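All remarks here apply to the structure that follows.
Order of writing sets the chain letters: A, B, C, D, E and F. Residues in each chain are counted from 1.
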Amino acid sequence: MMRILCKQAFGARALLTLCPLCAFLVPAVVDAQLITFSKQDLADYTAKQPFERFPDGRPKVPDALLERARDLSSEEIWSTLQEKGYNNQFADGFQILHPGKPLVGRAFTVQFMPLRKDVDQVAQQKAKERGLPRLMNQTAIDMLQPGDVLVVDILGKKVDGTIVGDNLFYYVMKATKGGGLVVDGSIRDLNGISEIDMPAYFKSTDPTPIGNVMLTGINVPIRIGNVTVMPGDMVVGDREGVYFIPPQFVKETLDRADEIRIHDEWTKKKFDEGKYKSSEIYSTPKDPKLREEYEEYLKRRLAELKKQRGEN
Amino acid sequence: MMRILCKQAFGARALLTLCPLCAFLVPAVVDAQLITFSKQDLADYTAKQPFERFPDGRPKVPDALLERARDLSSEEIWSTLQEKGYNNQFADGFQILHPGKPLVGRAFTVQFMPLRKDVDQVAQQKAKERGLPRLMNQTAIDMLQPGDVLVVDILGKKVDGTIVGDNLFYYVMKATKGGGLVVDGSIRDLNGISEIDMPAYFKSTDPTPIGNVMLTGINVPIRIGNVTVMPGDMVVGDREGVYFIPPQFVKETLDRADEIRIHDEWTKKKFDEGKYKSSEIYSTPKDPKLREEYEEYLKRRLAELKKQRGEN
Amino acid sequence: MMRILCKQAFGARALLTLCPLCAFLVPAVVDAQLITFSKQDLADYTAKQPFERFPDGRPKVPDALLERARDLSSEEIWSTLQEKGYNNQFADGFQILHPGKPLVGRAFTVQFMPLRKDVDQVAQQKAKERGLPRLMNQTAIDMLQPGDVLVVDILGKKVDGTIVGDNLFYYVMKATKGGGLVVDGSIRDLNGISEIDMPAYFKSTDPTPIGNVMLTGINVPIRIGNVTVMPGDMVVGDREGVYFIPPQFVKETLDRADEIRIHDEWTKKKFDEGKYKSSEIYSTPKDPKLREEYEEYLKRRLAELKKQRGEN
Amino acid sequence: MMRILCKQAFGARALLTLCPLCAFLVPAVVDAQLITFSKQDLADYTAKQPFERFPDGRPKVPDALLERARDLSSEEIWSTLQEKGYNNQFADGFQILHPGKPLVGRAFTVQFMPLRKDVDQVAQQKAKERGLPRLMNQTAIDMLQPGDVLVVDILGKKVDGTIVGDNLFYYVMKATKGGGLVVDGSIRDLNGISEIDMPAYFKSTDPTPIGNVMLTGINVPIRIGNVTVMPGDMVVGDREGVYFIPPQFVKETLDRADEIRIHDEWTKKKFDEGKYKSSEIYSTPKDPKLREEYEEYLKRRLAELKKQRGEN
Amino acid sequence: MMRILCKQAFGARALLTLCPLCAFLVPAVVDAQLITFSKQDLADYTAKQPFERFPDGRPKVPDALLERARDLSSEEIWSTLQEKGYNNQFADGFQILHPGKPLVGRAFTVQFMPLRKDVDQVAQQKAKERGLPRLMNQTAIDMLQPGDVLVVDILGKKVDGTIVGDNLFYYVMKATKGGGLVVDGSIRDLNGISEIDMPAYFKSTDPTPIGNVMLTGINVPIRIGNVTVMPGDMVVGDREGVYFIPPQFVKETLDRADEIRIHDEWTKKKFDEGKYKSSEIYSTPKDPKLREEYEEYLKRRLAELKKQRGEN
Amino acid sequence: MMRILCKQAFGARALLTLCPLCAFLVPAVVDAQLITFSKQDLADYTAKQPFERFPDGRPKVPDALLERARDLSSEEIWSTLQEKGYNNQFADGFQILHPGKPLVGRAFTVQFMPLRKDVDQVAQQKAKERGLPRLMNQTAIDMLQPGDVLVVDILGKKVDGTIVGDNLFYYVMKATKGGGLVVDGSIRDLNGISEIDMPAYFKSTDPTPIGNVMLTGINVPIRIGNVTVMPGDMVVGDREGVYFIPPQFVKETLDRADEIRIHDEWTKKKFDEGKYKSSEIYSTPKDPKLREEYEEYLKRRLAELKKQRGEN
């Protein structure tokens, strides 16, 4: 929908054209925000992540791992993170746009706070001084990269908390190559959005455009439900909710998930035989012979998987 | 379902046959209700509406405009009404029977209040004196016309607040030619109802029949959520909720929606080209050339639309 | 999913193999639970039920009646039970796994209470003395029979209240031949579970495994919402919620439902003719001739139904 | 607090001075409202009330009975109304300004609906034509009489739903001689209001002034929670909530309450003796001698009460 | 209040007089309930408790310890129970009758379930056969002993969930010598009850009498919030909520609380000196000299306390 | 209460003593936090504030103005801020410790986020490198100054969200000279805290100590409800909720409040005369003579006030 009344949300000033070299401007943007989190900060706080980084400093979980993650369910992730002592990486309570479609990508975080004119004026002035456009939702959206998931804390608002309508949702889909959206807030134009093929998790819908908020952070640490989300976290969503996986645990989570899935495969197969009580098989076979049978099955299937993936 | 225990809801008295000339009886019905709103009242309070009226005084938004309204989303409506200063015309929080199926029609309003025997007895006595049947949900339902949407304030009740089960829902569908139902209350027989092809918006479901309420108004002003609904309002529902559009704004809303839809069409097309940041295109193209391109596109598409509708 | 961290939920002790003669052990299990309800208790409190019983004492509503019950909607059940003065047999507020798929079966009840170590240790000790495995969710699940619906009071918990994940859900499906699950609590692995073809009603989902609870009763009277559920009740679920029908009313409910369904069939047929107001036909035809027409229709259709079922 | 920004709520027009003969104007006011309920309507729908009436047609429960009602608790009222089949006369869920202070008076009802400019303009125009001031909360407040309780349906709103601040609350106290306020909505200036000695029941507080609503009825039937309140009902509030007693039941309720209070007096006296189990005394003494003792006690105390009141 | 309409709740049958030797009848009562928990069960499941027992088998925490417990706050209890691994012994979310007045006593538990006529009839029949009165709330209340706290699971119900009104509340106060009431449900007659000097914790109030439930257990394990309450637990309530302390931890809890209280006394004294940052003193003094000072203070004050209690 | 189990919340490491020169360390602390907001940032974003600053950069609203602010009610503040277009400065929904006691002071802000070990470890390491103690609630509390109000965003948590118990609450009272506490989260030891004479606004209470969170900001911009709170804002709380007033509006708010209070004084006086309808006097007197009378009254009283304050 055309945001005809957007002046209500962001004032009536003219919007400047984004500089085509905007990737270089990221540090400047960071300085213009109320909440600053420099490239060095990001490097320091995500020092354990083992992958390359984006020019903006975000960890870049490789595409191949994102691809493998499409089969994850949140329970498979739970077991690895719990073991590591990371109990606060799951958020739910969302409406899910396409429940059958997995969400996988790298977190691109955005934070809003309640509008306060004195503070917003300073931030806008700082942005202007750096030749930047007005700070608003599109400022962040225009920085999205393929494989990103836009993760937004907009205060859980329904009215005035609509981060995108169908036009911007479409743009996000194009820019991220179908990455996805997680918003602790709302969206509008659900009719239009429901026809666009990108996963989305949102708290509510509303016909109002975004308003009465100010953009306070792009790629800063944000809170979604009971999770501290860091830029570059791997985001995985299923029918239950969304996991934010620190990059240093991605590989282990995926490997563990392989085992879990094979375990489940074998367990169901045994159940199909109809000869065993559930506790004889699950979670660990009681009979040593069965246990052995399982171990062999696991070994064989893991090998097959590797081969299938050409991992040798 | 057969309402076997309806005596619980409405007492054990015999139900009189509705006079075949009941259209003429509407004023009488109005006098028999607790809340009266005469044909003259309706004319006074909807004086700005530009269309014909039903014999009962309700504005009659033309069928052709209803037809065009099937493509509206609630956001498209929002922009026109907001501009006019009508901020209270949208209600949500409903369960939606067939989320993909648009709801469009003319509001036929019904109001219930908590049962209070002394008041109800007087109302029933007044109805009887005018040769009218017992005041109950069917009294209103039997007055429905093709294109109507039955809009009911039954106090948001779940238990005892079931305005229809599948039999009456089926009748409403037949009488309104698939118009629809919006109820701030509940329905029953969801299994049966879900097989009937008419849009419906309701707060909850319950196995109990309607009860412990009294019918207090037919085609009177009622409240649905934060909306004052007037008889004859154009009702439009999508995946988010329901709009009640005063008839005087119907034409303008539809025309504006055409523009918005063309604007969105063009915007997405430009996004598809992959050459622009979202803020370069949306909501208004920054580059004067692009703006010009858009203006021409809009003009051409509007003309096509008109032609298509044979409006030229 | 593999319950890798189940030691958190139930401690790290070894799980003993269930004795193959476990049907004989039911009384022993009953003694080992905190809440005891002996076979004699069950017989006393369900004395009015007219059918055979399982070895564990539960009433066994015949398969043929379960089959007929697949067409019931909760409203059809409501009318019979209300008439008998049973107002507390319906529970709703569940998420429904497969909304279009009817749930029908015999209640197998399980109760949990908040974990309290001193109490749980005694119960586990008593179980051990009787050669029983550790009391946990699988203890109950391993006793399920074809046609059972697993009905669980796990305190409405979300976190730690997940009675099954997809592995055990699959086992329940196999063991009950697709009977079903009703849990006042949560499930996990919704992605996996949604692919398994068994009806399920649950309050929420969560990635955590079951924990911080203790099993306190198997086939004891339990509470689900505002219902006292007895082992062996016929469980029927539709798009609205779940009914628990005392076995003594099963036959009458089904016969009444036949009449209701034929009544609805005829009513809709008359509405289709477009000649009548709803109140002329529904719920009772006003015109004696129509009433007669209906009575004949009812008689004929009932006869056809009986024939169809080979009941004649 | 000075309503400096009230133009936001009701527009910037000049407020006309209320005519000093306003009692005579009540019918005119009624005509100017959206929801009309004439003096004759009021007479018809409260035909069973046995007392005098106010000039505006409202039943006038005598002051002496109001005085006696100060000792009522809502449970005492419950028993009479339940017996009569009036199950919907109690509302709770309020914040109570002075929990220890009983609320007693005659209902003066006011109804608001969501603001809708086309409707409000017609109502204001009608008011103007009759030489009436702008319809707003003060229009109603200026009509209050000693002994009245202002009962307001303002849609349960918190923001913009503040029927009074401390200035108008003070005025209501003066005008009703401490009658009271019941509002399904909010109040503002709680600090100031808490120092004013009048009972009040409200849903919430908010710093905003009243706004985004329109006055649609004065002394019309309104809904408060699950109660249909009629103008002139006796309003009684205690620590639990508020009862609305139809005038025809006032005398019987008070007499019954006398008996209940004496019964309680005697019951506690017997409990004080420490010789009886509760069920031997309450609710009916089991021992015929005790029953006799009670009957005599009741007779004697009722006589004393009458004498005390000079009713003899 | 006189329960005039109690026939609605418990039927119209005559209530038999309770046998004066009812203490001997407890086992019989237990057999008549739906949920049975024999004296032996109680002994087994509370085997670790170190005190005498009541004739009904309940642990009897000595009066002297109850007396000391009057100074406990829930946080002092928390530290001991947490350390033992008892995380589920605290319930809150109650309305508190007299917030400043501590609740201390021994749990007398009562359980209700939703009324189901077939089950209730059997239970009542069993009671009758044993010469027992009708099973209802007074059946349990008449068994209360001095020092007891009546702890009731009545399903969290508001309407129909009122375990006592002011008459029975008064009786409970007399019978328990001011012990107290904790109900996961409601009470009625709040006006009258608020004048009675006994602590009470309840979820809500309502004018209806108890109804639509059946008594299913007296002194059986029950659930209150997330706590499994055992008969004889020490119940302690403060301004936050209620703790249920297993008797085996009572002594240790009280001793630990002494230390905590002395620690707090000393901490505040040091803060009063104004020379230290909070972290220098609390929770453990950083400076070894201060630590020593504290240790001595603790020793001295503990000795004083003992002396004061004549424990030496 | 002694935080015996605080290792659960913050790990078992030793706590270093705070350097006595800690005021100089503030910038260092800022660098050690996840969310940084330098002294320069603070100066930039509060550039319009007209008062002196604390060494840490916070605006220092003078004590004399704080003193005057003790008479403010939130409605008086509302009128000034609304006029300036600051609609998001009020938060409510708190439990209020001492409802009659006004809260006034300067905001000292603290922010927590959900614990995430990788992030917390880096922050703690950074703190250590700067010779700082472990980052935890006491780190912030030890920096409080007289006149401060501790304003904490701890995620609205109940369990584990207890910013202080009675020991630290007592310390805060001492350190701020009774300034106060506003926490979007919980407190523990309510019994002890309720005896301490300092205003406090909190969402809930819980017996658990703080845990499962990490300190992420001291004197950074935080969000409380729908307010962006800046360090140094004037905090004012009454019986309704809490206002956060940007320092640049403090003087004007207080002056306006004087007028409002005099206006109310005069209005009530006129109401006391009993000669006027409310709308004749309020909000603006209709009669020009009355208006004049009021203007003179206002002038005289303002002069008196000034004199009283020795401002002349």
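Quick note on the criterion: contacts are C-beta pairs under 8 Å (C-beta built on N, C-alpha and C of every residue); 3 or more make two chains touch, one makes a residue touch a chain.
Small disclaimer: the values here were computed from a predicted structure and weren't measured.
Trainee: Touching both chain C and chain E: give me those chains, sorted by label.
Mentor: none
Trainee: Would you indicate which option in D-F, C-E or E-F repeats the interface seen between B-D, with over half of the contact pairs matching by residue number?
Mentor: The B-D interface is reproduced by C-E.
Trainee: Hey, what angle do you get rotating chain E onto chain F on C-alpha, to the nearest 5 degrees?
Mentor: Rounded to the nearest 5 degrees, it is 120.
Trainee: Over half of the interface residue numbers used by both chain D and chain F, so same, or under half, so different?
Mentor: Both copies touch with mostly different residues.
Trainee: Just how far, in Å, is the C-alpha centre of chain B from the one of chain A?
Mentor: Taking the mean C-alpha position of each chain, the two centres sit 39 Å apart.
Trainee: Centroid from C-alpha atoms only, then distance chain A to chain D, rounded to Å. What do you get?
Mentor: Computed value for the inter-centroid distance: 54 Å.
Trainee: Give me the residues of chain B that touch two or more other chains.
Mentor: In chain B, nothing touches at least two other chains.
Trainee: How do the chains pair up in terms of touching? List each pair.
Mentor: Applying the touch criterion to every chain pair yields A-B, A-C, A-F, B-C, B-D, C-E, D-E, D-F, E-F.
Trainee: Which residues of chain E touch chain D in their complex?
Mentor: 1-6, 15-18, 22, 133, 138-139, 141-142, 165-168, 170-171, 174-175, 188-192, 194, 205-208
Trainee: In their shared complex, at which residues does chain F touch chain A?
Mentor: Residues in contact with chain A: 34-37, 41, 44-48, 84-89, 113-119, 122-123, 126, 155, 212, 214, 216, 220-221, 223, 226-228, 230, 246, 248.
Trainee: Which of the residues in chain E end up touching chain F in this complex?
Mentor: 73-79, 82-83, 90, 92, 238-241, 259-260, 263-264, 267-268, 271-272, 274, 277-280, 282-283, 286-287
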